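My questions all concern the structure below.
Letters A, B, C, D, E and F mark the chains in the order given here, with residues in each chain numbered from 1 onward.
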Amino acid sequence: MIYFGRRVSFSMGHRLHNHALSDAENRAIYGKCNNPNGHGHQYTLEVLVAGEVDPKTGFSANLPLMDEILRREIVERFDHYDFNADFPEYAGVISSGENLARIFWDLIAPHLPLARLRVEETEKNAFEYFGENR
Amino acid sequence: MIYFGRRVSFSMGHRLHNHALSDAENRAIYGKCNNPNGHGHQYTLEVLVAGEVDPKTGFSANLPLMDEILRREIVERFDHYDFNADFPEYAGVISSGENLARIFWDLIAPHLPLARLRVEETEKNAFEYFGENR
Amino acid sequence: MIYFGRRVSFSMGHRLHNHALSDAENRAIYGKCNNPNGHGHQYTLEVLVAGEVDPKTGFSANLPLMDEILRREIVERFDHYDFNADFPEYAGVISSGENLARIFWDLIAPHLPLARLRVEETEKNAFEYFGENR
Amino acid sequence: MIYFGRRVSFSMGHRLHNHALSDAENRAIYGKCNNPNGHGHQYTLEVLVAGEVDPKTGFSANLPLMDEILRREIVERFDHYDFNADFPEYAGVISSGENLARIFWDLIAPHLPLARLRVEETEKNAFEYFGENR
Amino acid sequence: MIYFGRRVSFSMGHRLHNHALSDAENRAIYGKCNNPNGHGHQYTLEVLVAGEVDPKTGFSANLPLMDEILRREIVERFDHYDFNADFPEYAGVISSGENLARIFWDLIAPHLPLARLRVEETEKNAFEYFGENR
Amino acid sequence: MIYFGRRVSFSMGHRLHNHALSDAENRAIYGKCNNPNGHGHQYTLEVLVAGEVDPKTGFSANLPLMDEILRREIVERFDHYDFNADFPEYAGVISSGENLARIFWDLIAPHLPLARLRVEETEKNAFEYFGENR
């Protein structure tokens, strides 16, 4: 088994806010991350897929498929959009790094043998997710 | 003369849009950077100030003043805000890196002997400004 | 389970030296890292804590507590100090990255559900510790 | 158990090509990575070795041995060479990151208690290998 | 005047060799950089163009043109090729960073108001060129 | 004219302190940087030398000389030493980045055509010096 990691990067606006809570509660929990008009990050996503090396290609992953999945499911979908304003399908989802990591996982895992996913929100903050099995 | 550079980083939402143009023109010029709900970046700002070394301190810059200016004029003002939505004083200003560099310069230059200012919008885009004299 | 990682950085002086050994033995083992007046590094510490996502906040970690622990137990304690000279409680402890990693773990683990701790001494040297269970 | 990681970097030319396939098949699989005269990368290799801390030295790894192994087995062997043209012993091996990771593992593992090996081909591509046991 | 910098990165094989010199002389001057089958680097190129801010767009540079020039003249031309083997038009040109910087300048300068060009060959080596006027 | 930049990195202990001032004054000016036992940094030094390209070599700088100067004058002299404790020749010199930049310049400039020298003390602090002529 070998693990192939590929990184993509995209810019996305977001705001930490729980609609079920009052403005004061939101402010208390999220501080400036709750500012009404949102802010944004340059997110970096590293996906690690597990595989056996194919003797014919030397590859453990279907690289063209992988790039297509990351482009279609992540970069094209999220780059230069605002998570809170532009995605009705995620209405009510708090855009914490933890929830983003799980959403990205759920978008990618049906197509690729994901072993680990790491979301870097800033140089200081990262989120690692291994799916439900760990 | 010696030059002291200090870097600060902050997250800010923005959208490239010129209110004097039609939606179609904006889209043509700015592409996805014109998406209506904006996106965001982790901006890095490096300011370079010129000075002679003070024999008493070994410093060329008034460091506590410098940190206070960068905190007050830049980080506290812009971090976790949206440039287009949160700053009535900049209404109508297109939030290009070039304009941001000049705005940051105008906020800092009255307080510090600025020699160069560099705004890094992403790892691939940077803007350098030396004031009006160069 | 999801893992949240946060990085802090601090400057600390140190010298590799075992008081139980002769100067010649120390020199033989540690080379220039044994220089009598010490040197220093910009240490980077990444802590990874494990948690379930709290549906109310979207967070897996108590972020304000986490930042407070890292500030109080690590940055405020060690930043701009010399490990060998300033910490009588660690007298006799060899300030190798391995020992530092375990000391940092012991300072943080009582307060946070630590899953992994990574100390980067330089761009070329890193130490990973998972506690005694792995 | 603690893990010590050390990074080395070297420049190496390579070309993705499977001699058992036709030129057209190679081009279809590898695209520009199959260009006949090859290209190159600045490879970064991080090896992680597992060990108990030796109370005498504070080290978990035999550092001089480790540096000697990495120098002799990796940097001196591969730096400024072309993998496809300069290594008859690897004739027919497709120089994918996966295969390189396993070759580096096989060169280092006889000498050091390797726990993980990570090859970074570019800032966007990485390969992690844990040996045959995982 | 403001300066806009944009970075592109590409992988290219090369070998330092002067055909007018003997093999021994080449080896003496270039050391391992003269290895016959070449090696390669991940080159990073930062171009800085000078301009006035256009009040209509907020831009100082014609961004689509700039990206097109960098793609066509640099990345598409050199990425995954070998400088010494694949470019008859540069036969006899020693592929030092200095010469590459001037070649890149000559390819870009007819199309863009270049103010500075920086080629990073490795993390330790960089070349800056300002054209013939400085 | 072309500019060749080369980076070296070394670890050095230091403490900001002016012996001509009282302890209280030192504390007021330098804060934690004045802690009695010092701390340390991983300093990065980038030197930029100016030169014409030699048609015979393609180089603008005498590279072996340059590496020898940087090794002898900087890395071997300062790496793993403490600036304040180990250098009687610099007794009384405040080890600010500004003074270090000038000291490094004075050590290198007699041997190389220095155009710019940049000292990076941390990721946030840098010092640029162009000699006395600018």
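Note that contacts are C-beta pairs under 8 Å (C-beta built on N, C-alpha and C of every residue); 3 or more make two chains touch, one makes a residue touch a chain.
Note that the structure is a prediction, hence the values are computed from the model and not measured.
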{"item": "Between subunit C and its twin subunit D, rotation from the CA superposition, multiple of 5 degrees", "value": "120"}
{"item": "Residue-number overlap at the subunit A/subunit B interface, same or different (half cut)", "value": "same"}
{"item": "Chain separated most widely from subunit F, comparing mean CA positions", "value": "A"}
{"item": "Distance from subunit F to subunit E - Cα centre to Cα centre, in angstrom", "value": "29"}
{"item": "Distance between the centres, which are taken as Cα means, of subunit F and subunit A, whole angstrom", "value": "41"}
{"item": "For subunit E, residues that touch 2 or more chains besides their own", "value": "123"}
{"item": "Chain contact graph, described as a line, ring, star, complete graph or other shape", "value": "other"}
{"item": "Every chain pair meeting the contact rule", "value": "A-B, A-C, A-D, B-E, B-F, C-D, C-F, D-E, E-F"}
{"item": "Footprint of subunit B on subunit E - complex, ascending", "value": "1-8, 46, 48, 53, 56-60"}
{"item": "Touch list for subunit E against partner subunit F, complex", "value": "16, 18, 20-21, 29, 93-99, 101-102, 123-130, 134"}
{"item": "Subunit D - residues contacting subunit E, complex", "value": "9, 11-14, 32-33, 35, 37-42, 79-82, 85-86, 122-123"}
